[in-house]
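We call the chains A, B, C and D, going by the order they appear; numbering starts again at 1 in every chain.
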Amino acid sequence: MRITTRALVAAVVAGSFAVLAAGCGGGGAGGDEGGPIDQVITINWGTEPPSLDPGLATDTTSADVLLNIMDPLVKLGDDLEPVPNLAESWDISEDGKTVTFHLRADGRWTSGDPVTAHDFEWSWKRTISPDLAADYAYQFFGIAGASEYNSCKSGCAAMRDEVGIRALDDSTLQVTLTSPQPWFVQQAAHTSFLAVHRPTVEQFGDNWTEPTNIVTNGPFELARWDHNSRLDLVRWDDWRDAGSVKLERINGRMISEGTTAVQAFEAGEIDMTAGLPPEELPRLKDTEAYSQYPGLGTYYYGFNVEQITDVKQRRAMSMAIDRQSIIDNIAQADQLPATGFTPEGMPGFDTLNPDSPWLPASGDIDQAKELMAEVANPKTDVTLLINDSPGHREIAVAVQAMWKQLGLDVTIRQQEWAQFLEFLGPPPDASVDVYRLGWIGDYVDAMNFLELWTCKSGNNNSNYCDPEYDALVAEARQTADNDDRYELYGELEDKLLGEDGAVPITPIYWYTYVQLERPTIKDSLNVNLLNQTDYSKVEEVEAG
Amino acid sequence: MSAPLLEVRDLRTHFFTREGVVRAVDGVSLSVDRGRTLGLVGESGCGKSVTALSIIGLIPKPPARIVGGEVIFDGRDLTKLSERELEDVRGERIAMIFQDPMTSLNPTLTIETQLVETIRRHNDVSKREARRRGIELLDEVGIPNPDARIRDYPHHLSGGMRQRVMIAIALSCEPDLLIADEPTTALDVTVQAQVLDLLDELRREHDMAMIVITHDMGVIAEVADQVAVMYAGQIVEQASAVELFARPEHPYTEALLGALPQLEDAASRAGRLTAIPGRPPSLLDPPEGCRFAARCPYAGEPDGCAEHPPELRELRPGHLVRSEHPASERARSREGAPA
Amino acid sequence: MTRLIVRRVLWTVPVILLVILMTFVLMRQIEGNPFRHSERAIPESIQQNLEEKYGLDDPWYVQYLRYVKGVVTLDLGPSLVLRNRDVNDIVREHFPPSLELGALAMAFALVFGIPLGLLAALRANKWPDYTAMVVANVGFAVPSFLVATLLIYFFAVRWGDVFDVPTSGWESWQSKVLPTIALGLGPMAYFARLTRGSVLETLQQDYIRTARAKGLRRRRVVVVHTLRNSLIPVVTAAGPILGFLITGSFVIEQIFAIPGIGRYYVTAVTARDYSVVMGLTVLLALIVIVANMVVDILYGILDPRTREAR
Amino acid sequence: MSTTPHQRRALLSPLRLRRERRYPELPNGVPGEAGTPVRASSLWRDAWYRYIRNRAAVIAGVAFLALLAYCLVWPLVSPYDPYEVDFSQASESPSLAHPFGTDQFGRDLFTRTALGGRVSIGIGFAATLVILSIGVAYGAIAGFLGGFVDNTLMRILDALYGLPYLPFAIIVLAIFGGGNFWTMVVALSIASWFTTARIVRGQIITLKENDYVRAAHAVGARWLRVLGRHLLPNTLGVLVIAVFLELPGVILGEAFLSFIGLGISPPDASWGSMAQDGYRAYRTSPHIIIVPSVAIAYLILCANFIADGLRDALDPRTRET
């Protein structure tokens, strides 16, 4: 069924100029023919969600779906602070090591069973268990006994009981942490911390997430899942707060190619899509459908400090990069030129941001050249490692040209993703001098960014190792007080990028999320800093 | 005397190629009476096959085109007929068989299909009836066990057998004229005679006229009533077979006959016609005068052969020749002025 | 004929084993970790759990034998990347669209290509010939991604209201039009050229002259005598092309967001999903082998000479 | 022997476009046929004469040489640095200063297309040569040794014949971690030689049965000498044709791989990777995808017509008549 004609009629009825001005159809596919607002929208998930099992999901697409079909204990508010959801409240013990969630009594599974604290205990321990071999088991490693249980070889059952997750009764969930972790409650908003329906999982095994089997407990139900093609959600009318949910149905396509997605949007086939190709942004920016959200992520270039040993060279190279030009000409989504590693929007940003002298927004080629001249044994043949997804290549070419002015001969080495990760290490391959990467927050605390650069971090691809840095990170972990901790984060940032910083990395920009949204739903749509959309709050409205 | 069955008058078929106009058939006239056999003889490339194909309108168009002349068959000029009208003549009134039986039958269809489609094309009969006739025909042309053979594909049969199938197909609608283009050239020596005998026998039985095209004087001697000798796109001599063999006039005919081995000797066949020194002229740009002049042992300055093409003239009743130096005249002049 | 088929089927076994071995050896050369999909590191213990779960810590010959066994028992094992899915599921879900797309494109190529080539040959060196051959040459030479892009832009975006075809997807019949054309245009051009050449060659055959000398109507000469014999090289070329269309359409699948096997193959290689790559490669080899067998059979039907020769 | 002769013919004849008709017993003087005065020329000179009579092939040949000259010479004399990034001139439409416009980095596309052509054509020919070498070796061994070896090798080919090479190319590129000139060559040739092997083997078998080879063998010439002196030179014609028949497939393969992001590393470019750059920008700057795509089409057209011309000039079957 095509929607163009009806949608145009609908638009005229609603007296909307915007839809016509956008030059395309509008409204959603499906739904009843009656009113102008059918509360059915069609979105683009982008890709196939690799898994709808909260224990196994590791990616943003799966999270997008899961957070709308499942009921997390807490959600994140506008400032990323935890907001009660299925847990109506929580207590944190004096020492900060014990967190107790109090669940609402009206949580229900689609099977009719109530959602209890026991569900969470079982689900979380399932994710931690070595049998499931979940990638994100480590999300739980802040819980006492979790990492031990995950790597157990024998006596696993006993170790399972040692894990600090306990349902005291149907509505009380007590978690014991290894250290005070002020971000733990926010972390509980992550998909890994959702509960699964035990009888269903036990009955169907790996196939429990198929649409015919799955039992969920969120505002929407999985209506249809054609792999790599369609994933549709419908409102679950028996959800505890179904009255507040406006959308009746979310039809989801899976269009991974950005150009294709934009075409589908302009042809009126979808009402919303992210993943816009940067090349298209100048054209799309002027349309009403374009919208842009700040993101909690950093796009950066990392130096292999064992290859580019002189800090002055690293500083010079960092200064030579014209970040604003890269943003304006290549990335094109009004990203912010980075002034530190931790992105703007992170709680405590004002305190911790180093306002690094090595990261001038528009570059400072003269000073960079001066610095470069002081380098005793500069490494002039530089290999820059990037992966082959769209976008990185263009930035690399620009940076290559910028560094050429410092007399550096940069070879861009483009590798496909899995191989690229192998080369990154850690430790990185000796042939790598500079690499590109991005980091997007898992949870809302600068720790999530700054712990990357500890000596033993699995994500420290720079060979940077400073015991003082590690000590500061350890101290911060034990510091429950936010302000004190933010001070420590500031020191960490200075170590990286401050006046005397080692500059093991040179952040380029802080992410923004851009997407096209039909004006009829735009105002009610909200994408948070972690790039999550809560469709239970979305409504199709008349365009303003 | 009744009108001949086929009369070709001043036929000109030219090939229009990128290099220029090739005058493959350049003013050929000949006639065939009902029930008689005309032998058309000449070396390869002289235009005899193109003449035959022009008669039934099968020349490759483009690049070939009949640029002049008439082909009067049974009172109708075939060159004036449309393709559809010609299709009705072909197979039904004039049939043709070709040199190479190995390639002239469609390898992907059974003998039956190829016979039946011909019969049914020209006769309004049922499939069954057509098949019955087909078997009869195969029997008539001497194929053993015809009701089994009819289901075979051509590649099951030997060359001689295939040529018999071709003959059966050609005869299937009782044509008035059968054109046989080098019907025996591709066959084994032992088979050649059988096929020729068969053709001659069938001609008599069915009261057909026949044009036999060949470069083999032996074949002519065996089957032809009348003979036309072609050279470089033109008829150079025409007479009854008896007359021609007894008193050849054109130096070219003489050479052909002179080169004829005494016995049917296959081994020397290949060399037979090239025994005449020199090569025929290119028809792309034929010489203005006599086309045989370059190879003619008698051509000399005073005769003007090089400038003025000789006309076809009747030396004796029924004996035409295109030469300034026919044998009989040469003999006379030799008598007058002994060397 | 039957013996031929039986022999070909029997030969399939060693060839499939060879393909498995080839793929296995190639895949083992690839560096990369099927369990690490993002820049986030995976703790050692979790990595070990995963390798144990999927048997990647076994010696290579054990793994190879497991793959062989999987192929024999038609159980291709679990995907290493899509955690809730078996390779069998993936094949079942992603193969039909590819098969359909390939078949449609093939049908398009044949239905338009053969008549175009025939027309060109029958009007050789006249304007229909030149027109057809310009179409064929351009269709053959222009890369399919440009064709796809232009088709989408003009027919789905620019004049979308007129033509009523969507830009992407694989659901309604309208959504299948543009991908079919984009994928089928190249083969169509190829078949047109092939048919033209083949018909021209057949037309020179002595048996065509015979058919005409028999007075057969032109239509019969063309359809029964010329076309049938001319199709032999077309059929021969069609086998590999079908294989290519079904499996090699990843660019088209990508551009049109079609949930097919070609698009998935690239993803699987990139993600180091060994079991999926292995399964898909074997499937692909099977398709090609079957396509070749079909060609041989068709070939035997079209050309009786080859029927008994074997 | 199964299907070989016809399949071989199919492989050689697909692109046959202009071929003089064979006339029924041709009259003297019709070009290229019996009766033409015998030129005492070698096979290759004869082929050359046939080739230059084919107008389309001659035009294609000249066009191809012009393309080569452009790709090789223009970057040396171009006023623009093909690597210099200048965003102030980004994505300009074709103009007098930039006949093909500029790309997203403000680089002159006329210059970059020439550079991309070097890479694409270079990869194309290198991969084709690798394919032919493997194919010749395999085909020659099979055709020459015959018997059991031939049978086994050919059954394997029968089954693999038509196996799409792109999936294997993708795996190979993953092994190397990405594309550069030589990894692309390996990727594009690793599973593409089956067809060539069949052609060569068929050719060798046919020639092996030829009288002069038998004669050479009968007078005691060694096989190796027969192979070197008689068989391979006679296969050469087929191989020259095969180069231009394979080329379009390889060029397109390179373009497809580049298009899905497995192409060669920047700032170098091939036509395929340039098209990939252009694809995402096609709405605002369509010339960026059209220029390299048209270049690919141009090259393929040239290769097709050259292959046609060469085949008509060299095809032994035409010669025999």
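In the analysis below, a residue touches a chain if its C-beta (ideal position, glycine included) is under 8 Å from a C-beta of that chain, and two chains touch if they have at least 3 such contacts.
In this text, all values refer to a predicted model and were calculated from it rather than measured experimentally.
Averaging the CA coordinates per chain and comparing them to the mean over all protein CA atoms picks out C as nearest.
Counting C-beta pairs in contact across A-D and across A-C gives the higher total for A-C. Centroids built from CA atoms put chain D at 47 Å from chain B. Centroid to centroid, with C-alpha atoms defining each point, chain A and chain C lie 38 Å apart.
Here the CA centre of chain C is 22 Å from the CA centre of chain D. Looking at chain B, no residue sits in touch with two or more other chains. Under the contact definition stated at the top, the residues of chain D that touch 2 or more other chains are 21, 24, 174, 177, 279, 282-283. Residue positions of chain C touching 2 or more other chains: 30-32, 149, 153, 206, 209, 254, 270, 272, 303.
Residues 83-85, 87, 90, 104-105, 173-174, 177-179, 261-262, 265-267, 277, 279-285 of chain D are the ones touching chain A in the complex. For chain C in complex with chain A, the residues that touch the partner chain are 30-43, 45-46, 48-50, 52-53, 78, 81-86, 89-90, 93-94, 97, 149, 152-153, 156-157, 160-161, 164, 166-172, 174, 254-259, 263-264, 270-272.
Chain contact summary for the complex, chain A toward chain C: residues 1-2, 4, 24, 48, 50-53, 56, 58-59, 130-131, 133-135, 137-138, 141, 147, 150-151, 206-210, 226-230, 253-257, 259-261, 263-264, 266-269, 416-419, 421-422, 424, 426, 437-439, 442, 457-459. Within the complex formed with chain C, the chain D residues making contact are 1-3, 6-7, 9-11, 13-17, 19, 21-22, 24, 155-156, 158-164, 166-168, 170-172, 174-175, 177, 248, 252, 255-256, 259-260, 275, 279, 282-283, 289-290, 293-294, 296-298, 300-301, 304. In the complex of the two chains, the chain B residues touching chain C come out as 56, 58, 62, 83, 87-92, 95-96, 98, 100, 103-109, 117-118, 121-122, 153, 155, 166, 169.
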